[in-house]
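Listed next: structures, encoded as structure tokens.
You will see two complexes here that share subunit A, one where it goes with subunit B and one where it goes with subunit C.
Coming up: the complex of A and B.
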């Protein structure tokens, strides 16, 4: 006689998260994907048919391909800049001995996240715009005749995005770096390695999981950003989330918006898997070495 | 001597009062205690609506009003079933009302039978360019800084003055109806008419470099910060700063001003359609029109509104002034919107 199979207690603990993921990610994504292959809105029109025309339209018009490229480029540059700025900060935060200093630095990293993205973006507008703090000061001092093009372009968009998303990088990296045993670096240095070499050959490889997680997080947030590119990019920046918003909120073409969303997700997943794969190989090589 | 109240007399009095009530407001006689779901704007408009206008409506019509102020409304209406719409009354600008009408999400035509106060409206408010009933309009013209040595603009073409390069303001055309209206007007100014898109694209190219914003409130900020010294904007976006000593002014170009209509319409599947028509009729009452017009500097669509002198001097509330309003054929524009959006994106990015 077979004994009844028992459900693991871990499964019960994971079940709420799984249900949440199902209800608030898979189901909405499924609806979006379904809309993207329908000829109309099934809620309003009963006689909709399956069609691939929304994908044909996207792939057949260079505007959308250029927008996809622009989205990925802004995402990649933002991620790289956030990593370069965030790594030293995360290292400092992880290795700080003073509990008070650690708390203050942690608060400094988290504080911007307590303000909304729209407010932070408007703050950047007051700094980077043609009449903003930087240009007004330089023009007022007679150092400039015309304002520097600090916003209404990709530069302004990336600056604001990096500021908004760098805390995600720092917090992710600090957790990983904090778990690396400092004695490994000390051992490397006691064997003659310089501090820089000890960092490059010991700490940096061991923090690769944090770099991977932080980069994926920032990249995902940056390529899906809507408000900041809209406010900072002016006429020169057109990303896929902006086009998706236009289709939903102004053109009211949910099907085409769905197709753009599916393509953005598919391309992002491919890039993320490739990035994961490359970093994984690097980490394994370091392990063997 | 104390009056005696007989049962028959009481019933008769109640019956008479009820009959008068029904005759007075036939549409809402059966809609008492119902819930009316509407959309409306936020900001000062929303404050007056929620603080004064809607409570008075609820009290008089013995109903509850549920308000959605989270724009955009049309995607939410699209996502709800036609026979159980998320709204009973859709308040939107004319371009969106046309899209809703084409999709069958709002009724095709509203007449005086449903909304008696329609007879008091200027013709533009229910013209063939409107899907629904216009309750107010703003005039889209040119806003400019008065402290930058500019000659006040007299023509729309003044926006193309080379001296304004990089300091003129417009809108993200795909998402803003002021930008869309201005694009069509460019066709009329520089080409054969509103539908001459090739001329409009060429004229748009000449306006570069131009600073673009996605909503009108942001254009106000750009003008106030002198980030833009002249830009396309509606009159209420400038007049609302009256008395605050701000160096900005509104100019109505000689070619006419574009009409930015606030339009109400009813959803065909509404379960409280009579109450919905009653709401539109209520919004057209002279006292309600005056209150809202003077709160946000919108021109009332009703001819029977007497505004205070300072509003009367500036708003479009006489037949002569109303004749200057240029209305857009949104049905025509919406049919070409995708093509226009793609073309405009290329022009402005390149």
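Coming up: the complex of A and C.
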């Protein structure tokens, strides 16, 4: 008899995904992180040394610090707005009894994702720009003298990002909310909780894992977005991905681009861990000892 | 505003022509009239889809009645929302809050009512003691067995001292032994609290064992309301007769104060008024096997099933119909022989006549 294998044969099925992750994430990230602390390209120049000058340059230049702050702010505001807009929609979707209605709403949530990000961003430009639908209507009616600054700023960037990423929030939340037993809210109501109180006491805390997952997804997508901030911000809003692209494509300074990427990743990870921690604390907090 | 603390005194429940229609035109509950007395243990019994759970959910306020009134303790609750009805509810799935401990689950209703902490702690402790769950305060529902979860659900419902306790198949998920133990406990608890209890079940044995009165439901209507013995011994409709226990039905008609079977044979019944098509209903344990020719009908014994305390015999009549006969286990180990010809008889007072609707 052969000795029983310690590894389940199913486990080998994750091998392709693992290999993909290794080749196209860990290796590039390692190379990028390595470049960011080297004085030059080791392939071209054999006598490179370790250096912290790329990080010094970033920390010493307010342009990069401000754009990091702006990136994180856009990410946080986009996540918060997507959560506030997406939660009621996800709740509605998860609790819908009619199968037809459920399918229609699901289609409505997913359909925008079938259109490219560039196309959707240009749609927002036609709505929000100085001569776009909103401003043209309001000034045409004489309600405004000058157009409202709806884009080429963080507001326009956030509006477009929320629109693009809210389906990720809705789908993640709907999955979690759909698994919460509706009888729990009924039990809470039978014990004297108003429908709103029952939601706050039962469904909301039980959907925290979905809030966490959806927020992380949207935050990660929003801080790494390039096309939308580029088009909606109109060079007035500089986010870190735009500066990284500039370093790679225009300046060819791969080491400095690597340093910017490492800092963005590190700061995001710290924020994500902190967010996770706070939500965990909220979930464990109880009103009764 | 949290609702005020309810008093512990049991309330009556009155349903007046209560009707519930679901989208698509299905009438789930059809003009039900029912009065449940204060302190009564009342079971709604019926097959799945008969409307018993919908009726309970209308009393609780989870479903709005399309017609009729729901009056509890003299107060018309028809348009009062769930959270102002002050009723304890135990769900089939228990519906315990998975993110809260046992103590927090039980305290929930008290917290909603703004009960002060010392009183809350005392009442949670006494409710948990009542369901014999001391020492489990800090556990989470997922760490408890099904029976223990059931007890937490019960404690959570009774801690608010509701005048009415509603139970939706609360023992359905438990295994047989535990279910029987919980039946006794629930009955004792109900007596001790003096609460009016409405119990929904599809299990006729459970309903017979626990209830003061039973309402048998079928297709959204109450077929019969009465004490367990009443329902069992004197069923008023074929549905009730067949749904509860085993029964032999012999088709025929009532004529001249007696009963004539379809084959023309006159069968013994206590005197019956009126005329018309009917069925004669006989419980298997009311039939007796006698020697051939000495009974009302002769037949051939075609099957014997040993049930432990009793033996169930199947007697096949000349026209192919079968009668079930239950006899006490004689304890001699000897069962009657298949294939033997014998007679079956019964006392006229044990025969129930069911009129065709």
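In this section, the second predicted complex is superposed on the first by the 273 of 289 C-alpha atoms of A that agree within 3 Å, B and C clash if a C-alpha of one lies under 4 Å from a C-alpha of the other, contacts with A are read in each partner's own complex, and residues count from 1 in each chain.
The definition used in the following text is that a contact is a pair of C-beta atoms (placed from the backbone, for glycine too) under 8 Å apart; a residue touches a chain by one contact, two chains touch by 3 or more.
Here the structure is a predicted model, which is why all the values come from computation and not from measurement.
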{"item": "Superposition on subunit A - do subunit B and subunit C clash or fit", "value": "fit"}
{"item": "Contacts of A:41 with subunit B and subunit C, given as first, second, both or neither", "value": "first"}
{"item": "Inter-chain angle, subunit B to subunit C through the CA centre of subunit A, in degrees rounded to a multiple of 10", "value": "150"}
{"item": "First (subunit B), second (subunit C), both or neither touched by A:84", "value": "neither"}
{"item": "Partner chain in contact with A:206 - subunit B first, subunit C second, else both or neither", "value": "second"}
{"item": "First (subunit B), second (subunit C), both or neither touched by A:133", "value": "neither"}
{"item": "First, second, both or neither for A:230, with subunit B first and subunit C second", "value": "first"}
{"item": "Touched partner set for A:245, first subunit B, second subunit C, both or neither", "value": "first"}
{"item": "Overlay on shared chain A, then closest C-alpha pair between subunit B and subunit C (Å)", "value": "48"}
{"item": "Subunit B and subunit C footprints on subunit A, overlapping residues", "value": "none"}
{"item": "Residue numbers on subunit A that touch subunit C, as the complex places them", "value": "181, 183-184, 186-195, 197-198, 201-202, 205-206, 283, 286-288"}
{"item": "Residues of subunit A that touch subunit B when the two form their complex", "value": "41, 43-44, 61, 63, 129-131, 152, 230-231, 234-236, 238, 245-246, 248-254"}
{"item": "Residues of subunit C defined as touching subunit A within the complex", "value": "2-3, 60-62, 81-89, 91, 93, 95-101, 103-104, 107-109, 111-113, 117, 120, 156-157, 160"}
{"item": "Residues on subunit B engaged by subunit A in the complex (per definition of touch)", "value": "72, 74-75, 78-82, 99, 103-105, 166-167, 172, 174-176, 208, 210-212, 214, 218, 225-227, 337-338, 341-342, 345-346, 348-349"}
